[in-house]
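Input: a single structure, listed below in structure tokens.
Chain lettering (A, B, C and D) follows the sequence in which the chains are written, and residue indices restart at 1 in each chain.
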Amino acid sequence: MSFPLLTATAALPAIGAIATAAVPAARRNAAKALALFFSLATLVLAIVILVRFDPDGDRYQLTESRSWIAEFGVRYELGVDGIAVALIALTALLIPFIILAGWHDADPLETGNKRWRPTQGFFALILAVEAMVIISFEATDVFLFYIFFEAMLIPMYFLIGGFGDRAHEHGEETAATQRSYAAVKFLLYNLAGGLIMLAAVIGLYVVAGNFSLTEIAEARANGSLDMATNTERWLFLGFFFAFAVKAPLWPLHTWLPNAMGESTTPVAVLITAVVDKVGTFAMLRFCLQLFPEASKWATPAILVLAVISIIYGALLAVGQRDIKRLVAYASISHFGFIIMGIFAMTSQGQSGATLYMVNHGISTAALMLVAGFLISRRGSRLIADYGGVQKVAPVLAGTFLIGGLATLSLPGLAPFVSEFLVLAGTFSRYPVIGIIATFGIVLAALYTLVLYQRTMTGPVKPEVAAMPDLRARELLVVAPLIVVLIFLGVYPKPVTDIVDPAVKQTLSDVHKKDPQPEVEAAK
Amino acid sequence: MNPVNYLYLAALLFTIGATGVLIRRNAIVVFMCIELMLNACNLAFVAFSRMHGNLDGQIIAFFTMVVAAAEVVVGLAIIVSLFRSRHSASVDDASLMKL
Amino acid sequence: MENLIALLIAAPLLGAAVLLVGGRRLDAVGHWLGTLLAATSFVIGLVLFADLLGKDAEDRTLTQHLFSWIPVEGFQADVAFQLDQLSMTFVLLITGVGSLIHLYSIGYMEHDERRRRFFGYLNLFLAAMLLLVLADNYLLLYVGWEGVGLASYLLIGFWQHKPSAATAAKKAFLVNRVGDMGLSIAIMLMFTTFGTFAFGPLLGTHEEPGLAGGASEATLNGIALMLLLAACGKSAQVPLQSWLGDAMEGPTPVSALIHAATMVTAGVYLIVRSAAIFNLAPDAQLVVTIVGAVTLLFGAIVGCAKDDIKKALAGSTMSQIGYMVLAAGLGPIGYVFAIMHLVTHGFFKAGLFLGAGSVMHGMNDEVDMRKYGGLRKYMPVTFITFGLGYLAIIGFPGLSGFFSKDKIIEAAFAKGGTEGWILGGCALLGAAITAYYMTRVMLMTFFGEERWKNQPTRSPQAPSAEPAAAYGGDAAAGHGAAATAEPHPHESPKSMTIPMIVLAFGSVFAGGFFSIGDRFLHWLEPVTGHSHGDSPVSALTVTLATMVVLVIGVAVAYAQYGRRPVPVVAPRGSLLTRAARRDLLQDDFNHVVLVRGGEHLTRSLVYVDHTLVDGVVNGTAASVGGLSGRMRKLQNGYARSYAVSMFGGVAILIAATLLMRAV
Amino acid sequence: MSTAVVHSLWTTAADPISKIGAPKIEYAQLAPTLIVVGAAVVGILVEAFVPRRSRYYAQLFLSVVALVAAFAAVVALAADGYGTTKAHIAAMGAIAVDGPALFLQGTILLSALVGLFTFAERRLDPEAHGSRVDSFAAQAASVPGSDSEKAAVKAGFTTTEVFPLLLFAVAGMLVFPAANDLLTLFIALEVFSLPLYLLCALARRKRLLSQEAAVKYFLLGSFASAFTLFGIALLYGYAGSVSYATIAQVVDGTVTNVSPALADTMGNDVLLLIGAAMIVMGLLFKVGAVPFHMWTPDVYQGAPTPVTGFMAAATKVAAFGALLRILYVVLPGLRWDWRPVMWGVAVVTMLGGAIVAITQTDIKRLLAYSSIAHAGFILAGVIATTPDGVSSVLFYLAAYSFVTIGAFAVVTLVRDAGGEATHLSKWAGLGRRSPLVAAVFAVFLLAFAGIPLTSGFAGKFAVFKAAAEGGAAPLVVVGVISSAIAAFFYIRVIVLMFFSEPRPEGPTVAVPSPLTMTTIGVGVAVTLVLGVAPQYFLDLASQAGVFVR
């Protein structure tokens, strides 16, 4: 059997996590360096996958398959299609920046306690999350996916609850309580979703007799496995619920603002840019492939929820007083777009949605990380505490603006491509939904520009007068992301080429064809 | 005489014992009520044994007595130690742990 | 030759990238670099123009395909350019006027420490605008469309430390976004209806019609109206005009280039470019004409009431674009004239703005015309150039405006029927008002007694006229010391006057040059097509009528502002005047309905999110907790009660078992 | 009819007397039990004759050897195929030697061995006058706080009797799931209950609580066993025999040579149903199912923590073993009667345990309620009534027992002046003070919560899967919901340990001897191994999943 590339890609950060955690308390910087090294190594492997992957080849490539728990009919099956490759690349790309951005976020406050090693823990946990996310992108066995989909919660939980944002207006005490509230909320929401899904997973086993995505999808396709309509619907709902919590879809979204608000910005980025993508990805891979009929049955309801998310999230973003919560609600709006694109069941919609996952990851990372730098300077998350930053820290302001423009999906930046694809894809089948969703782009402009205006422009607030501009490390974090944003905005072809075939496959799974234009071109 | 009546008696005794457990406070008395229940069981065994005409029931009765004796030993030991440390054998006083 | 097209855009884009990324080390040369690249682009434009003239009218279309942009199953968007007569016209206008204004800005922004960035933004604008007019499909056009929006956002808010500027910038972008929504919906409609949104297959050429013909009229109307919405946003047409007035917060060169000459005319370009669609959507066309007519009156009325010279000019811009949109709405009768007026307007309006800028430059950035007066002898060049621009815009016979505007009025009448009369009437009325308010501006600024004497400028009465100098950011930072003292009007430096002179030439001769032998008509016809409507009134009559209303307008204005002295503090004025000062109250409407309403909506939603959506979950948790607390009480520590529960339990067990058997 | 009965009495009563032969006992196959019992007896002799100094070591050595040997015997039997092919009834039909029996005996012995180490731990309590002491009373007989107690403490006495008591209990537990007739069942029940009653009373600190726990456990326990006994009596009355096989035949109606009396009672299903219900009730009491659970929290809290750990693990294993055998061997014919009832019990047990646990403030009580909830989960597997059901329950029990013992072992480490600091508030910030211990405990809690990659998840999945296949899908949904509720309070403890500031007067974490370390280490190891690579053990369980009858 050839070199297990996928396993390696997932295992590497895991090993890194252990290694990082093992670094003694005093050698804090060694731990950071180690973590960064492992994340970069993972990035290299991800690039290898990207290269080795052949868009026009089989649906699942680089597959691995070993027996694992025969008792449950569970196999250790890995394989990637274009969608997974894109998202793995995204994850591997973002983690180094997240680590770099969080360089000082976990330095221990009291250094007396030799046993207490927050820094090591912080970076180890980040790497652990990366490992689990990657393997859940790779898993083609429902059970295997579920395991890591769930297990992922634990390191995330510790990241959120253990390493809160130090910039808190009400002092450390309330910060701690709010933080653990956010962490518990995050965990319980997702755990509840996961457990519902567990029931569905078991149900799937009872119906299908094994967990192999490929086999079941195969059987569904050639009709050798037909589920009773209601069974399929219940199972679909079980799966979808978990993913909708993770994504998050209105009205299951309220954990996200708390989690993103209370956690350190790198972790916030980790949540929204990486971990939540597993939810939308899973909708595309599992919901549609395993339960095509039920997916179509649920489409209208889901589209409505998605549109509500888009508008609702944007409106709440407008109403926020807290920078990070604002970004969180903006993300909710964007996830609405992604889900809408997935369930529009058109190739534009789904390619757009996949592209959207990637672009949103990068753009949110850019915006959020810059916001983090800003917050760490002033020590407050309240928009009202800023003003005139542009005058004292032009580079910071500039990058922040670009991040914002990406968030409002300005043409020329990556998110525009995906957003327009999603809208066009949706519009071509559900015009009304599409038009309502289009209002989202106006609201996006509103919350982004209001945020920029209140924080960056106007007379310089005395508190920010002495604010230093971006440091080298911070610029090193932001600049590449911006470059990627612009590149993918001008030339998204590399990504679309990888994603497109996979999307075609998915569409054929649900037996859907793109609506044909009314007026056909003569040629 | 119809052995079934003995069964009724056994059931009656058993119920009396159970009721005693439920209503009496003194640990010793409660314990005696349990013994009563055990003996009710014995009676039932013997009666059934008579009905079925095999000896199993009677043999079991002997076992039961032994078990009962063992229980007495252990039980009294515990109850007495409790009594000595609290100067009361009321089960209701032994309610430090609750909720 | 085609490959030059990309260079047109590349040059200013490169400039923008270098200037914005380059950092402080470029401060010294930045402005020259920017100007140079703009000029380069202009030269390339000329070369291409020459090339086009070389070909015969039919195949004067160059296309260049760079790369496939968004290739997705069933969805093709390319980065490809199309240069035909229409785009060519715009290219020359944009790069030409653009270069001049770059030059002008060198002097105007001399004292601003962020001048480099200013030129970066200007270059960015040029690139985006060129992309807009050169794109060969609507999606790429959309990129340029929002690109110019971004540039205008950055430039309006260039003095970000001024809250008013920042707000104006945000407002401009938001209002434009509403328009953009229209554009994107239009594109989606095209995509779903035709499966493409590229000009070639969609619009076709005049010999072989494009796909557009195949669609139902309803669809086409829909597309057309959405395009109109977009145009309204970008070209400040009613009901999306509110941003233009505030946009004057930006530096004056910006107002001249973006908010007078080029960007605001993009809407007209869009409509004319989509002629093939509009021609098939009569209802939409009617709406277009109505919008145009309403706006040209609206702008004119607003222009009459403003004391802020730039805002007055802004109102006039609105009104002039109204003319163009009206013309564009008339269909083949009007397209050419719309563009022609667009070009001439580009010249004289830019000239007027530069003149205004020059005046402000000499007056410590005072913008309140009531504090001007008798400036003609202090700044002669400015006076002459401004004056020529003035004559041009009011349509003084022989000057540019005369030809272009006159044609539009004719066309309006030529539309025929009652609507022809109505539109024509509006156009005429507009002409009268134009003459009035422009004369007013002229008189208040250059004639009358010198009201700026012996009293400090920038009295609190004119808060709208808050000059940037107060923040040390504006060109007049050098005058900072004298800011509150009496101004010393003086002529502006060469770098500023030269562009004004050039533009003045344009405003004088362009119209004539275009009209003699219908040069312009023949030039554009292959693209837009043209038809002479059957005008109920002869061209001569129209011209005479125009002359008459012109004289009336000027006379009234002279009576009001030439004869009587102009009060320094604005009189309360009639109800209409006060309304007009407030942009006919539609800003207040926006504020009350949209802003306030929006705030309430968001606030209540935040509340809902916290209490309702979150509350449900927390409520469940709480209730489980309460249940737990109550059930806990059962564990009361009494062994006997435990025994009771056991006894009850076994009883239930037995009962249940027996019951199972019974049923 | 009476005459007939009388007559039959004569005739039938006469023959067996003449036919009584020497009973045939397969000692080899009973070796595990016999070894343990023997060791226990020897342990008593040790108490009598070995000098006090060296008793502890002698007892410890003896017990370890005994348990290891017994386990070896179990393994040998299993390897010999007694678990599968050669499974049969031994000791004149009293004891079954088959898969489930051996698997459970193995589990019990291992958990007993691991538990034994915590019994023997002597480093945690501060040394009393120069002599190391474990967590058991210096002199059980002396009144708390009395001079005699002080003297005993001064003399450094320790209750080494706990070792033989433990062994006796283990012996009983070994027989319990293997018992093949109701009498053996009852005897085994008492044999392992009585020593536990005593062990509960032997705490060194908080003796009042300990004694109270013992009294409650004793009274309620014997109350329950009285019911069991009466149930046995009724079943005997119904079937005329206490042997599982016979009863099963009678229930199925496949019995041969029906005597008129039997024919008479056989018709009377009320006897059968009530009897069955009462026996099952006795077993449900032992597993701590609602509404027979109320002793659990009090006893778990009051008993010495090592005992609690052992009890929580081993008792559950043994009791569920017996329950499985009763339901699958004796009452399969009654399936349609008892399944719905068990459904109800399972539901209330899962929900009740989870819900009440939320508001607990004492870590031991918390674990007690969690054990109740888990009993509910296991019941879901029992209800499946499929071979998968059996094996899933076996696996779950194995996984669960090690997690439990490990968790309670960790509880023994967290101490303050008053002994173990079991109040939750004292655990605040433990993660800061000693991250390792907190992390280990977190692992156990996550296993309890059934988070993937822990044995808890594998077990839960196995059980729910079996239940779903057994057609109990709604039960799975309820289980899922209650696990979500349960997750909340496990998480709460983690929050407390890691995310809240340490109290200044908070407890210290004692550094244990290798004994407890082994216990905890084994617990963690098993938890993770069964979580990541459960395949081997699942196979084992599924092979062992067949009862002999």
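Definition applied: a residue touches a chain if its C-beta (ideal position, glycine included) is under 8 Å from a C-beta of that chain, and two chains touch if they have at least 3 such contacts.
For clarity, every value in this text was computed on a predicted model and none was experimentally measured.
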| item | value |
| --- | --- |
| Set of chains whose contacts include both chain D and chain A | C |
| Pair joined by the larger number of C-beta contacts - B-C, C-D | C-D |
| Chain occupying the most central position, where position means C-alpha average | A |
| Whole-Å gap separating chain A and chain B, where each centre is the average of the chain's CA atoms | 65 |
| Approximate Å spacing (C-alpha centroids) for the pair chain B, chain C | 97 |
| Centre distance in Å when chain C and chain D are each reduced to the mean of their C-alpha atoms | 81 |
| Averaged-CA centre spacing for the pair chain D and chain B, given as whole angstrom | 24 |
| Overlap residues in chain D, where contacts from two or more other chains coincide | 215-216, 219, 223, 227, 297-298, 488 |
| Set of chain A residues in contact with two or more other chains | 188 |
| Two or more partner chains touched - positions in chain B | 18, 21, 30, 91, 94-98 |
| Pairs of chains satisfying the touch condition | A-C, A-D, B-C, B-D, C-D |
| Of all residues in chain A, those that touch chain C in their complex | 188-189, 250-251, 253-254, 312, 315-316, 318-320, 346-348, 351-352, 388, 390-391, 398, 405, 410-412, 416-417, 420-421, 423-425, 427-428, 431, 434-435, 438-439, 441-442, 445-446, 449-450, 453, 456-460, 490-493, 496-497, 500, 503-504, 514-522 |
| Sites on chain C touched by chain D in the complex | 621, 624-625, 627-629, 631-632, 634-635, 637, 639, 641-643, 645-646, 648-650, 652-654, 656-658, 660-661 |
| Residue ranges of chain D in contact with chain B within the complex | 2, 5, 8-9, 12-13, 16, 140-141, 143-145, 183, 186-187, 190, 194, 197-198, 201, 207-209, 211-216, 218-219, 222-223, 226-227, 229-230, 232-234, 236-237, 240-242, 259, 261-262, 264-265, 297-298, 301-302 |
| Chain C-facing residues of chain D, complex | 215-216, 219-220, 223-224, 227, 269-270, 273-274, 276-278, 280-281, 285, 290-292, 294-295, 297-298, 336-338, 340-341, 344-345, 352, 355-360, 485, 488 |
| Chain D partner contacts - residues on chain B that touch it in the complex | 1-3, 7, 10, 14, 17-18, 21, 27, 30-31, 34, 37-38, 40-41, 44-45, 47-48, 50-57, 59-60, 63-64, 67, 70-71, 74-75, 77-79, 81-82, 84-86, 91, 94-98 |
